[in-house]
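Next up, some structures in structure tokens.
Next come two complexes, and both contain chain A; in the first it sits with chain B, in the second with chain C.
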Partner chain A sequence: MMNIKIDNKEHSVEEGQTILEVCRNLDIEIPHFCYHPGLSIAGNCRMCLVEVKGMPKLMTACSTMVQDKMEIFTDSDVVKEARKGVLEFILLDHPVDCPICDKSGECDLQNYNFDYGIDQRRSIFPKERHKVEKISEKIYKNDNRCVLCTRCIRFLDEVTKTHEFTTIERGSHTHITCVDPEGLDQNPFASNIADLCPVGALGLNEFRFKKRVWLTEHVRAVCPGCEAGCNLTVDLHTKQTPLDPNVGPVVRFTSADNYSMQRFFICDEGRYSYSGYNETERRLLHPELDGEETTNGKAKAFLKEALSSELTGAVVLSPLASVEENYAAILLAEQMGYDLYRPSPFRKDLPEPALFIEKIKAPNHRMMKLLEVPKVTDMESSDYGVVLVLNSIGSIRDNSLVKILSLLKRAKYSITFEVERSEFSENSKLALPAPMFLEEDGCFINSSKRIQRSTGGLGYPEGVRPLWEWLFGNRFTNSESLLTQFSNEKLGIELSYEKIGKEGVEL
Partner chain B sequence: MSEYVLFKHLIDPEVRELAHYVKLGGYEGLKKALGMEPVEVVEEVKKSNLRGRGGAGFPCGLKWSFMPKDDRQKYFVCNADEGEPGTFKDRYIMSDNPHQLIEGMVIGGFAMGATIGYVYIRGEFQFVADQLQKAVDEAYEAGYLGKNILGSGFDFDLYLHMGAGAYICGEETGLIQSLEGHTGQPRLKPPFPAQVGVFGKPTTVNNVETIACVPDIIRKGANWFLTIGPERNNGTKIYAVSGHVNNPGVFELPMGTSLREIIFEHAGGILDGKKVKAIIPGGSSAPVLGPEHLDVAMDFDSLKEVGSMLGSGAIIVMHEDTCIVEVFARLAEFYAHESCGQCTPCREGTPWMAKIIRNIENGDGREGDIELLYDICEKIIGRTICPL
Partner chain C sequence: MKKEVKLSFWDRLYLPAILVGMGITIKHFFKNLFTPPSKRYTVEFPERKKDVPEWYRGLHRLNTRDDGSVKCVACYCCATACPADAIFIEAEDIDDLDESYPREKRPKQFIIDLHRCIFCGFCQEACPEDAIVLTNEYEITQLSRDEGLITMEELIKTPKKKMD
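The block that comes next holds the complex of A and B.
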């Protein structure tokens, strides 16, 4: 630990960090364009200049390591003046077309110029104009807005190592160009450059002119696409304006930084999976008894009858469902003496480059492995009187699917907890409507045994209730109480949503 | 005239040939150096007060001593980009007295434990590069380069690398980037090249003139070098004089020769007997001096005292008919054109300045332009990646 002073306030900080990292952890804003935690240091934007006592020049906070007894000024007149200068330079050729820019509202340049910048243009010279270019199926480029921070180049050079971008020409003619548009189309991570772009120079064709970002609500979620457990910022369509096209409730997925995992990007497959949550055609929103819509009361009566039948029972968990939902099913099995099973998750070959993408295409498979739940395909007999199956269609392998179907068909009381009408719901006596991803708070355990929380920003649709409410009525008041009980009894530690926080806890 | 340290071709016009060079004591310094400990060689150079001739005037021996003493591969790079406007001195060393540079490279390599040397030559200097390559081939044949030099067990290979004509590649980290095959754009410091240089290995970059001073320093000893020029600014200096003089050219003179002597005695005085209006003393990056500064001694410290710098020693003389605004417009356009485009202040600020000055020159200046220019300067200086 070392003692440093920032803006005349003393702080004790760990060694080996840059000024910018220290300030970020202390919630002191250092404006920056080129710095990104997931990329190498470029130091080219000069926006993060700070004053360090004893240094003749201003220092770039992104590249200067803190030293013991260092005195840093992030808000002095010289620093303010330097920021103003950099912003003025950047805006010399910037169109300031915020009203038609999709980055508007989450644009670093816009925010910094409001906070630190200029309000009057001193240059009398015309701005250079460039055409907007659709550089790949997914991405467009608008050179007019580019600040040449080279984040996109560094991402493609350092992270995916596919090198589709480079700068060409020199001086004020410098611009970024795509030398391999086909490569960019095939790059499974290409769309990250739109998130990375601190301004509106790179964007997704799909999001272009679609939604003003300030008319969305952001929630943090865990991507359900595979075991990797990447963090998502989910933009929800909350405020409708007459100008908005009538899109579904989920506007887009972008990546959310996770410093504990050192992960700042998501794959395109995960990113574009958001549209699946806007399809409601097959959605199950009411309980169905023998394929016919029924009332909650009748569904509950059937459930009660099944549980008091004293027949043998089996519960099939789901790698798609959250820790809390699975735990509710486990509690039922323990209480009733039912057998517990898990389906085998679906696997998919990895793309090139794969980086952190996992083969297992379900977010909570690791929970089943941790609890050593036996595979449903290893089951010896399949004659059970009561069978409860959790929503897992789409994430399990065919042999598990066949096995579960035969279980359902043979049972006297077959119950499924399903988001959509599926082969499971069609082959069971009672189908209960389950909340989908983004409708319910829940935790997931990823492949590196990190438990992370996904927020249910949409809330339960009318008629849809969580599994624990169907099974245990008022015994649990919220999903967090299930998590706490689960962590106490199964993991031997005490967890809460607060403890898990934004970035999760490693188990 | 004292003596020629670098311009030995003025003593013997054929010195570019190995046999003639050896006759003048060539490669004696190398023989002597190979008999010393590497540290002793560095110490000798330190003692001589040899300062970098490329522009910054950093003590050469001190720079050499920054090289780590571990067994990583190390590189010794000669900066022969000579891109500063007004500078045309290094090319004559390379074309007319190339062996002295080669000898200096080998000695430097030995002193720092570098076994590979590069000469990064300005792309426009094809003729110069050909001359130097001939000399390198001769030196290889005679055993002054290659494996086991003069039976000492020390290996040193020297490669020539042609630049592609960018001003910024004269900046040492920009040069290293370019040498590695990247776009010539300066790197962030730290790490300094002595830690992370060419291909990530410890590297020292010196100017041609600096390196060419080394053989004689070793051969005749640091004390001999200290007898030339004023204290802390020892040695001879090649002054490249251009502009409104009767006899423009390069002159090797003791460091600290006055500007007046250089212009009026060596460069033949001002064209048509006109008056001096302005002088750029050290390449176009150096602040301009007026006629009141004619008696300044042309060395690092004296020029710093009057608010300018020796830089590369390129003297550009302008007489009374010169339009200074036009000069500045031209220079500003040069710097805007040569900005590498990496960091914001220089990339955006220099073209803006060039446009404003051109407007003034065209008679379209506006009130407040001068203040604006000053303000832009302040927002560029010291806030960029490289010091240029």
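The block that comes next holds the complex of A and C.
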């Protein structure tokens, strides 16, 4: 531990950190463009200049290591003047076309210029103009806006190691160019460079001119695409307007930083999976008894009849459902003495390079493994009177699917909890509507045994209720109480949403 | 609280008050009769129209460039500033990018719901391109709700503000 002074305040910090990292942990803002926690340090944007006592010149906070008894000033007059100068140089050739830029609203340059910049441009020379290019199927490039932070180049060099980007020419003519557009098309992580770009120089064709950032609501979620459990920032736009150009409630997925996992990027497959949540055609929104819509009261009566029938029962959990939903089903099985099973999740070969993607294409498979639930395919007899199946269609293998279907067909009381009309709901007596991802708060345990929280920003649609309300009525008021009970009984630790926080807890 | 007013004999006759009122009316009648029509306060509305002050905020107009294309770049600033949620925009990409006159974005649809609009003028304040302005046009009535949704083509045709 070292004692340092930042802005005349004493702090004791750990060794081996840069000034920028120390300040980030202490919530002291230092503006920066080229620094990114997931990439190497370049120190080329000069935005993070700070004053260090005893040093003849200003130091870049991103590349200077803290030393014992260091005195740092992040807000002195010299620093303010330097920031103004750096921003003026960056804005010399910047078009300042914020009204049409898709980054505006979440643009670092825009924010920093408001906070630290100058109001009036002093240069009288015309700005250099470049054409906007669609450099790949996914990404467009606007050189006018580029601040040459080289985050995109470093990402493709260091993280994916595919080297599609480089800078060419010298001095004020320097710009970034794509030397391998085909490689960028095939790169399964290419779209991250649009997130990385601190300005609007690189953007996604998919999001181009679709929605302004400030009109959306941001929600933190966990990607349900695979077991890796990458953090997402989900942009939601729920306001209904008479003119809605195919922009559904889910506008886009971007990556959310998770410092505890040291993960800052997501795969393109996960990123573009957002559109699936806007399709409502096959959605199940009312309980269905024998394939026909019915009222909640009749569905509840059927459930009550099934649970009081004293027949043998089986509960099939789901690797797609959250910890809370699965735990509600486990509680029912324990209460009634039913057998618990889990389906085998769908597997897919990894792309090259295989970063932050897992083979198992279900977000909560690790929970079932932790609890040692037997596989549904290992079941000996399939004669059960009552069968409850949680929503798992699309994420399980065919042999599990066949087994579950035979279970449903043979049972006297077959109940499914489904998001969409599927083979399960068609072959069961009672199909209950289930909330979708983003409609319900829930936790997921990823492949490295980290429990993370996904926020339900959309809320339950009309008619859809959570599983614990169907099974236990008013016994649980919210999903958090289920999580607390689950962690106490099954994991031996006390967990709450506050404790899990943004970045999750390692189990 | 009830206030008792005692009327005198003359008040109870009512005649003097009526005569005073009639006097004012007759005074204005003769005054108007001998003033030229252009200086009268009362205007025969549909035939003659009153000029409104320059700052009057009436029907919206979308300004155009010299080549006839609409100035609006679909930045949604007006829709964001609108307190009544009356502006709806769908943006569109312009594929042929001319290097000398770069334009990337334009509105595909631009709709203002006149039934929602409160004519506060925030949209023209927010506009970075001077595209949307409120003109002095005040005759905006429709026969149905649907006609209240005015489209981009109609907004371009709104007559310009008279500037002296």
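Just so we're on the same page, the second predicted complex is superposed on the first by the 499 of 507 C-alpha atoms of A that agree within 3 Å, B and C clash if a C-alpha of one lies under 4 Å from a C-alpha of the other, contacts with A are read in each partner's own complex, and residues count from 1 in each chain.
Operating definition for what follows: a residue touches a chain if its C-beta (ideal position, glycine included) is under 8 Å from a C-beta of that chain, and two chains touch if they have at least 3 such contacts.
Everything numeric here is computed off the predicted structure, so don't read it as measured data.
By the document's definition of touching, of the two partners only chain C reaches A:V132; chain B does not. In the superposed model, A:H173 makes contact with chain B only, not with chain C.
By the touch criterion defined above, A:I100 lies against chain C but remains apart from chain B after alignment on the C-alpha atoms of chain A. Applying the stated contact rule after C-alpha superposition, one finds that A:V147 touches chain B and leaves chain C untouched. By the touch criterion defined above, A:M1 lies against neither chain B nor chain C after alignment on the C-alpha atoms of chain A. By the touch criterion defined above, A:N44 lies against chain B but remains apart from chain C after alignment on the C-alpha atoms of chain A. In the superposition on chain A, A:R212 makes contact with chain C only, not with chain B. Note on chain A: of its two partners chain C and chain B, the one contacting more of its residues is B. In the superposition on chain A, none of the residues of chain A is touched both by chain B in one structure and by chain C in the other. Contact residues of chain C toward chain A in the complex are 73-77, 79-80, 85, 88-93, 97, 99, 102, 104-105, 108-109, 111, 113, 128-129, 149.
Listing the residues of chain B that touch chain A in their complex gives 166, 183, 188, 336-345, 347-352, 355, 366, 372, 378-379, 382-385. Against chain C, in their complex, chain A makes its touches with residues 95, 97-100, 129, 131-132, 144, 208-210, 212, 214-215, 241-243, 245. Of all the residues in chain A, the ones that touch chain B in their complex are 41-47, 49, 56-58, 60, 63, 81-82, 85-86, 88-90, 92-93, 122-125, 147-148, 167, 169-174.
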